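In the two assemblies presented below, chain A is common to both, partnered first by chain B and then by chain C.
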Partner chain A sequence: MDKIKVKICCGTSCFVMGASQIQVLEFEPPADIKDKIEIEESRCLNYCHNTAAKYNHGPFVEVNGELIEEANFEKVVNKIREIINGTIK
Partner chain B sequence: MLTPKNNANQMRTRILVKIVEKFLQNRFAEADRIPLELRPKGEPFNRCCIYKDRAILKYRCMAGMGFAPEDETDELTTLKEYGQMAMERKSHADNKLSVITDACSACVKSRYMVTDACRGCFAQPCQVNCPKQAISIIGGRSHIDETKCIACGRCQDVCPYHAVIRIPIPCEEACPVGAISKDEHGKEHIDPDKCIFCGKCLHSCPFGAVVEMSQIVNVLKLLHDSDKKVVAMLAPAVIGQFPGTINQLISALKKIGFSDVVEVAVGADITTQNEAAEFIEKMASGEKMMTTSCCPAYYKAAEVHIPEIKQFVSHTQPPMYYTAELLKKEHPDCIAVFVGPCLAKRIEAERNPNVDYVLTFEEIGAMLVAGGVQVMECEPEDFTQISCAQGRRFPVSGGVAGAVASLVEGKAEYKPTAINGLSKANIKLLQQYATKGCDFNMIEVMTCEGGCVAGPGCIALAKKAAIMVENYVKNAPDLKEKA
Partner chain C sequence: MTSSLFIDIGSSQVQKDGEDCFGDTVYAKKIPEEQRIIGILSDGLGSGVKANILSSMTTRMAMKFMEDNTELQRASQIMMDALPICQVRKISYATFSIVDSELEGKTRIFEMDNPRYIFIRNNRLFDIKGREFSSPKWKDRKILVSQINNLPEDRIIIMSDGVTQAGIGNKKYPLGWGRQGCIDFVLSTLEKDPYISSSALSEKIVAEALNKENGKKAGDDISCMCLYFRNPRKLLIVTGPPFNEDKDKEIAEMVASYDGKIAICGGTTANIIERELCLKCEIDKTSFDAKIPMASKMEGVDLVTEGILTLTDVYRMLKEGIDKNSNTASARLVRLLLGSDKIDFVVGTKINVAHQDPNLPMELEIRRNIVKKIFRLLQSRYLKEISVQYL
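Our next item is the complex of A and B:
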């Protein structure tokens, strides 16, 4: 199975709003997903410019291309587990 | 800080971003929209209704503009008016932490409670072990008589079903010095004489009821509406607090209006030299121990709450002092803004005429967000003065003691220990060290667990920041070779 790509937006807005807290995935990932993810810290993905309510929907994270708004550690891990469970079956 | 990002502290960042945004747009003419924009109609709310959410947001905005919620004289004063008052103000707000009374949930007094998990067992260890006979069996289940309970926790320890829980008051629990307590209505208040500005209550309150007075408007005004040269002094804990590199951050800060950026780690090198010299001298003159002095929350705690230890606190000045001194020598007319992880630095700045304002990383982050500056895309620039490994390691627990050790080497017996986080228990430990003596002669004290990288004004995850600080240390010259 290909690794799940986790792209964390590290534009200034996402970083300040909490993307930095999601980076824990890099060095302390939960055991069950540890070997199944590939993490990329990205430049601003520009999502913050496209929302009507500016800054209110970050931090943004893409998991295998799927966008998570107002992302936090839990949300991202849950999405990863969903994908793992869906593909293994 | 060690608390993960949650709704309460994420909202604080958003409020700061909004304040900067409204300043930049039209100098607060539309500041009254902030609560509406943060809690728009039709979207979920967290308190009893959207209107209470907005009312509390208004108080939190007031604090962001530097006005204490309890100083409100007329409830109809608008945020636009507060914004204008903040713009006209000559000095910054009085430094203090406050509780927004209407946001404080007046948590019930800390107590033990028996939950549904109680099976009403035959052994009844809770009842047998209770020293005050406070537990009786009512309806087949244990029940604690609150009038008798002394909150010792024995029942919780012995229950085989983990049926007994302890309900704490988060802010009182977090405060290491007992500075926050309830009034007759159960609402919390902070005693400014006891408060050491550690910020632990601010981060622990699940209702976001604790606020501190920001100086962000004072600095914004200087950056945008004056010709003054405003210089940012970046605390050593800055490494890893923003995206991109530290060198990119220099030009990012210039984009939001700072004329120059210097590293406080340079001052930390001087602190290291002076503190090492002081230590060697003190040991030679037969003193039994010395503690560090660069953590301003500990410094005040020693003064107010641990008088026993006061005589042992180092007289060496903290890194901010030397950095500001160097800066003002070179540019006497500049405005010196300390940028760091720390709220207590604001009280340290009060006794230092060379430091004009103190901002947190979070506040600078808000300025960068509202200013639309992408740090990762900025051109890297160099600092004029390069800091050494010793000064760069100050923001992690053990860093200060380690830096001093490298210069003491061989010149005195050095037995260091680090108080990593000023908790109630560690305050007792320090009292013991002072009165009964200990096996150490150098005691480093950091109020935040993990060091300054875990300070209340931090943005990044403390663990990751600590790793990045260590990497930054690796690339630095050694102070021993420089001296």
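Our next item is the complex of A and C:
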């Protein structure tokens, strides 16, 4: 099984809205998903530049290409577990 | 302008053991309009408060006279007349060394009764014969004037007799460390670290002198000032995407053709440079920190960081002092800034709408403002030469 790609936006607004807490995934990931993920930080994923949205909904994280808005540690971990469980079935 | 030298000036002092204030005064001033730097070191008679008054008066007066280009004989006469007369020794007295440098490299040195300056070129000592002057009223007070045309990598060191007489009376140094001892130490230090900064070198000299003293207690005020002439170390800071996207290419070309160190502050800015110059940029995970986004590595660029948060932290450190042993992106940027002489800022003024979200912390400043604060501080406190260009 390929590793799950997690892309965390570390641009200024995502960072202050909580991306720094999501980075914990890289250094202390939960044991069950530790070997199954590949983390990549991005300087800016450019989602915040979409001014059509009223305000931006950072932090933004991509899990296997799927966008999570207003991401936090739990949301991202749940998404990863969903994918793992989904592929096992 | 570009061909002119940069003078890195630094000093260090230790006061006589048991005294509350310095008997020596060191004072340096930059006169930007005249492209000139004046450094003065004066040693007042005796020690403590009295010496402090004598030496500070001498320094201030000498600085004023130097600035106004007053004729030397007249200036020295006025200074000696003005100084209070010591009750013990019946003379008015404070020695001094003055280095008056123009950035094209012309330097004059005036000395009175301090140990002679040390002039080092190509890692060798150069002894330069000076001309002697004395005023009619004070015939026994001789002023020595020497003139040097400075080249890059020259160093001039002036010091008080606390340095040369360090350890006097010891078994090992019965006559003190001596000027020769100091010269040998400086030469060996320079051999190990040829590009050492002036402040680091003067700290080393003073520490070494203190080492020679009995019980490491200074028997006299120990002071030292170093000047280091060099071609300016240049740094380019690119921050922010330009207001007009057509300028992306212009910024990238500036980065590609710059002859100095380069730092990029801003995620989007880095993305632009990466795209325009086809460079690869990777996050550097050794700089992880919970407060400051990580730095990145890009080929040909010395540092890539996030924008506003990093710059805000840089401003804090420039104001309060750098966090020691820190490896965050902002600490690296501060080290880069302080290690440079001439800093060119290129500031893109496009505003990131996402940063204006009222849910974000107040500290998120507008780029132009924080850059302005940083370069003002670099100019006034750190005497850096700054240029700013908005795109």
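As a convention for this text, the second predicted complex is superposed on the first by the 83 of 89 C-alpha atoms of A that agree within 3 Å, B and C clash if a C-alpha of one lies under 4 Å from a C-alpha of the other, contacts with A are read in each partner's own complex, and residues count from 1 in each chain.
What we mean here is this: a residue touches a chain if its C-beta (ideal position, glycine included) is under 8 Å from a C-beta of that chain, and two chains touch if they have at least 3 such contacts.
Keep in mind that what you see is a predicted model, and the values were worked out from it rather than measured.
In the superposition on chain A, A:Ile37 makes contact with neither chain B nor chain C.
By the touch criterion defined above, A:Phe73 reaches chain B but does not reach chain C.
Applying the stated contact rule after C-alpha superposition, one finds that A:Met17 touches each of chain B and chain C. Legend: residue contacts after superposition of the two complexes on their common chain; A:Phe27 is shown touching both chain B and chain C.
Of the two partner chains placed by superposition, A:Val63 touches none, neither chain B nor chain C.
Contacts of A:Ile4 after superposition on the shared chain: neither chain B nor chain C is touched.
In the superposition on chain A, chain A positions 10-13, 15-17, 20, 23, 26-27, 41, 43-44, 55-56 are in contact with chain B in one complex as well as with chain C in the other. Every residue of chain B that touches chain A in the complex is listed here, in rising order: 4-5, 10, 13-14, 17, 37-38, 40, 241-243, 252, 362, 365-366, 368-369, 373-377, 459-461, 463-464, 467.
Of all residues in chain A, those touching chain C in their complex are 10-13, 15-17, 20, 23, 26-27, 40-44, 46, 48-49, 51, 55-56, 58. Listed in rising order, the residues of chain C touching chain A in the complex are 267-268, 270-271, 281, 283, 285, 288, 290-291, 293-294, 296, 304, 306-309, 352-355, 357, 359-361, 364.
Chain A makes touch with chain B in their complex at residues 10-13, 15-18, 20-21, 23-24, 26-28, 41, 43-44, 53, 55-56, 72-73.
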